[in-house]
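Note that subunit A is present in both complexes that follow, paired respectively with subunit B and with subunit C.
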Partner chain A sequence: MKKIITIIALLGTILFGAEIIIKGSDTMLNLTQRLGEAFSAVRPDVTVSVTGGGSGVGINAIINREVDIANASRGIKSKEISSARANGVNPVEIVIALDGLSVIVNSKNPVNKLTLQQIGAIYRGEITNWNQLGGPNKKIVLYGRQPNSGTFVFFRDEVVKGEYAPIMRQMNGNSQIVEGVKADEGGIGYVGLGYIRNIEGIKPVAIARKAGESYVSPTDEADVKSGKYPLTRPLYHYLNGKPKGVVRDFILFELSPEGQKIVEEEGFVPVSENYIQRNNQVLQ
Partner chain B sequence: MKLRKATDKGVRIAFSLTAVLAASVLLGILLFLFTYGVRAFIPPRDTQPDDLSSQPIRVQEFLFGTSWNPDAYGQPRYGIVPLFLGSLITTIIALVISIPLGIAGAVFIAERLKGGLRVGVKMVVELFAGFPSVVIGFFGLVVLGPFISRLFNVPSGLNILNASLLLALMSLPTIISVSEDAMRVVPHSYREAAYALGASPWTTAIRIILPAARSGILAAVLLGFGRAIGETMAVLMVAGNAPIIPKSLFDPVRTITTTIAIELGESSFNSIHFFALFALGFILFLIALGTNLIAESLIKREKKSFTL
Partner chain C sequence: MHKRIFVIFAVALAATTIFALEPGETEFEHNGWYRYTNQSSGLKLTQPSVSRFALERGYIRLSHRWSPPFFTKMTVDIFSSDKYPEGATVRLKEAYADLALPLIKDLNLTAGLQKHYFGLIYSWDYTHPEKSLADDQSVCASADYGVTINGFLPSGLGELQLGVYNGEGYKYAGKYVNTSPELLGNLRLTPLAGITIGASVFTNARDESPYKNDKKGRTTVGTDIYYMNADTSNKNRLGFAPMAKLAYGPISVTLEYIGYNYTRWFSYYKINRDSAGQIIDSTLVEKTKKYQMAGLDVLPIVTIPGRKVEIFGRFSMWNRKEEHGDAMELNKDKSFIRYGGGFNYHFIRREKGKPGLEFQFAWIRTQPKNSDIKPTDVLLAQVRFEWSTIVAKPQL
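Then we have the complex of A and B:
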């Protein structure tokens, strides 16, 4: 049965062109879809199909050889690398864009800036009322992601540095966090940069690495790109081995000025110089 | 004559075969869930003493632990209690709402509506049973959630109440439709006898038809229970999914089904976490099996007392 499917798929590819299958990060879903459409416009023989599910799902899919590219908003874990190797898969990393992970609050909330320690304490459940942060006497309601999300892992490792408070509401995707915080004056959440542009009812807070340092807003693209914004993170593609054929063409397109313009239009930040060099080593 | 006998025999064999097939598929699922689930409690061959995530789960931690955090920094926790309570609480509240409403609706449709109107209303109800749960979940997220938070002045509408209301909405069509069927098959002579004694149509419906259709209505309620405890998507969207033991109607909860849905994609293949999710599935299966067995025995008892 499997053989027959493979043969049909092969025939289909020969007759109708190639398909690139991508799965993973919800944060990168819209962005990769746009890039795929733009690529198909210049290469009509190639279709790019993108699905979400979370970074963990995407990385598992590349380990199980189900997809060509895994989208991930976090780096691959060492445990995942070893299970990939055990499966004969050699994970290779490309950075296609940068994201400033944004901490958002309800726009009626007067709190505009927080330090990383404060945000960590909020999510560990140590700070529970906005009046402890110079805001109104209102209970803080935590909105976060579900554990298969790369953003969940990135935020926990970089900011919470401990376990999330169990009471945190675990939302299934960036836009659900936006909806939650929009409806909740005491709410706080974290979403990718692509999800805060032109949305009413929420606002990103400016973040300082520690008390006394300057507060930086994620809406300042230069600060995200330079890494001055404390929660700048790369958005990854993971592949099995160095990219070849149409997959390589697609990645080259993503990293081209045209592709990076789409990155900007989707609210994210183009790849910075040090990542361009790292990508080039993989693409050579 | 000979031909009829042969067809009889053929049909009988065909039916027995399908019955055996269905039973063995079910047994296969049970065995599959068990053999996968049980591996969460057995040390894997490549257990590393310094890798906390490769340690098998202790059975008493799984059954009585109050913390579920497989992706923890330190020691992963696999306590099923908050998830089990989450499933149970949302389902029970949903049934408390949907049983009275559902039975009342069924009485109305079966006993008070006539002809085409009855058929039409029933069709609409059954149409609702097929409504995609993701749409209902979205409704809960953007309409019901903010409404609950305003009405009760609580910070967030993503909580037990919201999930239970959606579950009630989703189990209602099942309960109405199956109860109505049960009432329709009560022999007409029951109604005639009641009318002859001077009972009004409402009295007849409530005092005669409802008790006579008891076993069917019980089946309807249990089907509603199954619908509610097995529902995943809508609950995933509105329950807040925090794996805690809730203290109020406005706390978030995580159910067994949503935990499997959220974590199965993320747990790496053949890890302890992966097997723990199968163990959760096995527990869910046992719950479903238990309710069915109870229903079966209740219905049997009913049948004995109602044989005329």
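Then we have the complex of A and C:
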């Protein structure tokens, strides 16, 4: 009986193809789309459909069984795990890349480095002019994400450590933040590492954990991978149970040298050894 | 009151318009349920006040996050009701402040008028358009004033709530408000994905509010005359509700058992006469009567892939026993079996999967345990829409 079912499933896949549906983090959108395209090139029978909406939207979609994979640039919350499990969904976590969340300013801005405390004070609205940081006498204009974004949550919890200033402009995605800061000499924003690659008009600032410590740039891959860069964060896939079939094949492709090369090409950092071990436990 | 509601609505609407380009963290939400109910018995319509169109729910809700740990919410319900001369009324439904507790992850302190964490009331999402059994049978109010500590256990193991409410009182006023504390605990455990078990319990030593007593005043039994006092109350209230939910793929079944006991206290004056029949004095007589209730609710739901359609069934049972002398007899008129089913069609779901625009249809048959009473059938069709928008962060 099992053999018959397997044959029928195989025939169905050959005849009709399979689709992997992915939804969630905007930071991971371009990366996952490229990985999907590359996977479809080697597995033409599989289509990978990727949409954004934010990490929260993606995680809710996996809770409600609407997708195969949720993309998230933040960890799943206890409340979300609880809802998922009550709904018969067992969320498991795979880290597909590392991101050095980058703080960007306009390329004409002479400020090149900031401490985490300074960035926090800027986003809380306590520092309002670049001349308070050794820059020009120009009002600081804050660009950030919307609350359904994992990046919004990560940056608030790790850097702002309080409430965002009400004047922060909440943008739809990383690209909008880049465009905003590019056109605004007083602008400051935070985006995924993949969104600052080869873009003129903006620059990432080097960041120190606190005054007196060394400043680290997010463009230094080794520092992001080792966690020396203060805003290193994992980028997650969430799935319902251990991956099987084409979803497992896709994830193995993402974590393969070919997939991790795409991760680098997209401006992110390949997964480090500790995450490889964690991933292996899920994939075994 | 209507003026106040208008101001709230106008401010929220103005904020949506004026600050649309200045996003903030205040959410304005509207839930509207437009319902047609047809109740019949033996194919004959019952009361016209039941078979009618109604705005079953008209929530207007304002939520604001003041800072990462501090959140407030207020909800008013504008709904039509034949109980009121104008055909509609307004009820304050929620008004609370919520503070994430420091040091303990995922644990909040909530104070104010909030939902009751009893049985299925808290998690009832109206997939079945009627109320949860505990709410329907007035075991406790669906919302009440109180202070709760509520939150989630690590690793998605479940959730826990402990609370002190002020009793059943949010819909009453004046002397009918019960201020006697009600202690409540609720635990949900999900040991395996798809299996949830839990239980709620509340106790309210004495409901101090004088219940409305329809028999108050002079009563004559034979030649004896009694003066029934109006001030009755319920003592030793105890409610408990174990539950289980099984979910596998698109199918889920939720089961709840409800036990609810209390003692009704009441008093009357018995008029005493002498041998000549002349009234000489009166004696205050205090009496009690015990009530025991037990209910069962079973709710199977099948969600068709794509989540456009939900098909549901429901089987409920309610036994109400009342003390007569030494025996606890079943009150067959107030005990029933109820069953039925229906479907929901979701035209639009909101971003996080909540209903956006939905059509609900249900058939419910209620058969009292008294076989002399015919069953009633309810056909219920409802358009439900719910939407929300981020309006603005106030400039403080």
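Definition applied: the second predicted complex is superposed on the first by the 270 of 284 C-alpha atoms of A that agree within 3 Å, B and C clash if a C-alpha of one lies under 4 Å from a C-alpha of the other, contacts with A are read in each partner's own complex, and residues count from 1 in each chain.
Methods note: contacts are C-beta pairs under 8 Å (C-beta built on N, C-alpha and C of every residue); 3 or more make two chains touch, one makes a residue touch a chain.
These numbers come from a predicted model, not from an experiment.
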Is this a clash or a fit when subunit B and subunit C both end up on subunit A?
clash
What is the contact status of A:Ser78 with respect to subunit B (first) and subunit C (second): first, second, both, or neither?
second
Between subunit B (first) and subunit C (second), which does A:Leu283 come into contact with in this model arrangement: first, second, both, or neither?
neither
Regarding the shared-chain residue A:Gly186, is it in contact with subunit B (first), subunit C (second), both, or neither?
first
Looking at the overlay, does A:Gln176 come into contact with subunit B only (first), subunit C only (second), both, or neither?
first
Touching partner for A:Val89 - first (subunit B), second (subunit C), both, neither
second
I'd like to know which partner A:Val141 touches here: subunit B for first, subunit C for second, both or neither.
first
Applying the touch criterion given at the start, work out whether A:Glu66 contacts subunit B, subunit C, both or neither, answering first, second, both or neither.
second
Partner chain(s) touched by A:Gly56 [first = subunit B, second = subunit C, both, neither]
both
Please work out whether A:Ile21 is in contact with subunit B alone, subunit C alone, both, or neither, and reply first, second, both or neither.
neither
Superposed model, subunit C vs subunit B, clash-positive stretch out of 43-51, 61-69 or 313-321 is 61-69
Do any residues of subunit A touch both subunit B and subunit C, and if so, which are they?
53, 56-57, 60, 63-64, 79, 146-148, 156, 162-163, 166, 169-170
Please output the residues of subunit C touching subunit A within their complex, sorted ascending.
23-25, 66-68, 105-106, 151-159, 188, 190, 192-194, 196, 245, 247-250, 252, 307, 351-353, 390, 393-396
Spell out the part of subunit A that touches subunit C in their complex, as residue ranges.
53, 56-57, 60-61, 63-66, 77-79, 81-82, 84-91, 146-148, 156, 162-163, 166, 169-170, 241
State the interface residues of subunit B toward subunit A in the complex, per the touch definition above.
53, 67, 69-73, 141-142, 145-146, 149, 155-158, 236-237, 240-244, 251-252, 254, 262-263, 265-266, 268-269
What does subunit A use to touch subunit B in their complex?
53-54, 56-57, 60, 63-64, 79-80, 83, 138-139, 141, 146-148, 153, 156, 162-163, 166-172, 176, 179-180, 183-187
